[in-house]
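Both of the next two complexes hold chain A, though its partner changes from chain B to chain C.
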Partner chain A sequence: SEIRSSFTAIKANIQARDPVRTLSILSHPHSLHRVQSSDKCCIIHKVFNFYVDKVFKHCQTEDTYVNRKISSIANSFLSIKRNLEQCHIQNKCLCGQESTEKFKQILANYEGLNVTSAAMKSLGELDILLDWVEKSR
Partner chain B sequence: SGELYCSLPNPRNVHFESTNMKNILHWSAPESAGDGVLYNVKYSVYGVGKWIRKPECRNINRTWCDLSSETADYEEQYYASVKAFLNGKCSDWMETTRFNPLTDTKIGPPTVNISSTEKSILITLTAPEKWKRSPDEESVSLLQVYPGLRYNVSVLNKKTKKRWFFSISNNTLVVPWLEPGTAYCVSAQIHVTTPLLHSGFSKEYCTATLKDKTA
Partner chain C sequence: EDARLPPPQNISILSTNMRHFLTWSPVTIQGETVRYSVEFQGEYEREYANESWIPIGECSLITATVCNITEDISATVAYSLRVRADGGARRSEWGTLKGFFNRNTTSLTPPLMKVTADGYHLLVELEDMGPAFQFCVLYWKKGEESRMQQKMVKEVSSTVHLDTMEAGREYCVKAQTYVDTINRSSSFSQAQCVRAQGDRSVWL
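And now, the complex of A and B:
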């Protein structure tokens, strides 16, 4: 819920920087909510890696308060990523065809925009990710 | 309107007001526009290409529009937009911020039922239902929408003014070891941990424990 409160604090600011209404990184063409539960761990693992490796580094703003919240979120993602690494190593986070296809779609959506726009859009969609992850914990 | 370039001042403060996922678009009239302003409304699902007009909110003179039906899927997010018209002139389309029904709705208080014995009170709580299109549509409790939903319960001894607070996840609570023949008042609030949401407290429901028969 620390990620959630940090994101809520900057949500309007970040989403206002994303003028593209017609494209979503995470939820289109197929919503995360349609992912089979058996594939959930794998997608969470891949998506958290995606945010740490590709998104946060391109999310600098001119607002120090917003930047502080972004780095707080990034640090939380980093520690979750390490925990998920353990699951992956112990084969508890297997990737089926659906999760592989879904993640491929996320990357394709991301690469369809220039890096900064794609990163800011992905950051603005964190509530989509959190809503899905928290829905069936 | 025949205008190519829209010169009418814009509608202001276009935003969703939502309670239990009854999602109403609200706005304020353009500054100093006077009477006779009409409005059109459209909405879009975030990530999907097209804007969709709301026929029931076309050429309306009120400053709200019920988009509950159009935004009922709370796994999606939405934008809505309003345009003003007056005497052949028009304004620009003015948009909301991105609306997430799951996190941006207010939650109403639970309903509270109480019954008492000589030394205890049984409290039964019911979470509000999600807005639904018609009475015969299947009801969805907010408990199903927010699995982490909990209740905060306040119990007041009207004689001693002593108050207890409880936080429970299931919907019934028995408060034991009370004084016979005494008035107690109960109110309750809903609390969701993630996303962080809470309702106001319900009004107070009062009852009296039965008198001690042996006294």
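And now, the complex of A and C:
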């Protein structure tokens, strides 16, 4: 809920910066909601790593308030990523064929845009991710 | 005359019940107003964003020697904090908090509560301490401590109904807070006891 409130505070600002409305990073061609439950932990682990490793660092803005909220989200993602790593180490977060394919698609969508546009679009799609993660609990 | 101001000293954190404040000693210059600016750096910034620092708008060029950093310390990771002074045309180096601050070290105090007997109903009102807080409430018939009952209260919106009491019996209640994001609890409050209406009739 902390991530959700930080994102809600800057959602309009971030989504207004997304020039490419006809594309989605997380939902193209298939929605996250089609992922089987057995693969959910793996997808969540991979996607959180993706945001921490690739997305947030390219989301700097000229607005210090927005930057503070992005920092809040990024540090919360880092904290969750650490917890998920424990699951992965204990083999409770195995990756099947479907999650591997799905994550490849997300990376392909991301790399199909220039890095700043891709990062801002990914950040703007956080509500898609949060909705799906909360539904997967 | 040394062009630089000395950096703020005695930088420390006061953190109670998930509210975090950065404090420091004032820098004094004869005849000048000194102002301070605060920045923070989370673990993410240290490891993934070139150790960048982020200014806190509400604590930029302030005269106070305290800054509420609660809103920015919003993840359970290690944060660095720093503050510098500006006075006249002079500016200090950054003074940095020794070590890191992680919100899981906040001190948690027992909740304020008010226990009432409304006829035969045992009620408790709990202090609203913010969205991060849940409450574990224990209640029992006085003298029957071994048969304690527990109720988890996730949201404090109104009075909580704990039990329907036996006529004339005395019931006691105590509570502690629980913060899910740091997985810690406070100690328990003092027990408060109330008596249900009616007299204790003795069944023969």
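Criterion: the second predicted complex is superposed on the first by the 137 of 137 C-alpha atoms of A that agree within 3 Å, B and C clash if a C-alpha of one lies under 4 Å from a C-alpha of the other, contacts with A are read in each partner's own complex, and residues count from 1 in each chain.
In this text, contacts are C-beta pairs under 8 Å (C-beta built on N, C-alpha and C of every residue); 3 or more make two chains touch, one makes a residue touch a chain.
Please read all numbers here as calculations on a predicted model, not as lab measurements.
In the superposed pair of complexes, A:Val52 makes contact with chain C only, with no contact to chain B.
For chain A, the partner with contacts to more residues, out of chain B and chain C, is B.
Of the two partner chains, chain B is the only one touched by A:His28; chain C is not.
Legend: residue contacts after superposition of the two complexes on their common chain; A:Ala12 is shown touching chain B, with no touch to chain C. Once the two complexes are laid over each other on the shared chain, residue contacts for A:Ser72 go to chain C alone; chain B is not touched. Within the superposed three-chain model, A:Ser1 lies in touch with chain B and with chain C [touch as defined at top]. Applying the stated contact rule after C-alpha superposition, one finds that A:Ser99 touches neither chain B nor chain C. For the contact definition in use here, the residues of chain A common to its chain B contact set and its chain C contact set are 1. For chain A in complex with chain B, the touching residues are 1, 4-5, 8, 12, 15-16, 21-24, 27-28, 31, 33, 124, 127-128, 130-132, 134-137.
Those residues of chain A that touch chain C in the complex are listed here as 1-2, 6, 52-53, 56-57, 64-65, 67-68, 71-72, 74-79. Chain C makes touch with chain A in their complex at residues 40, 42-45, 47-49, 54-57, 71-72, 74-77, 79, 131, 181.
Residue ranges of chain B in contact with chain A, taken from their complex: 44, 46-49, 75-77, 79, 97-98, 100, 102-103, 147-148, 193-196.
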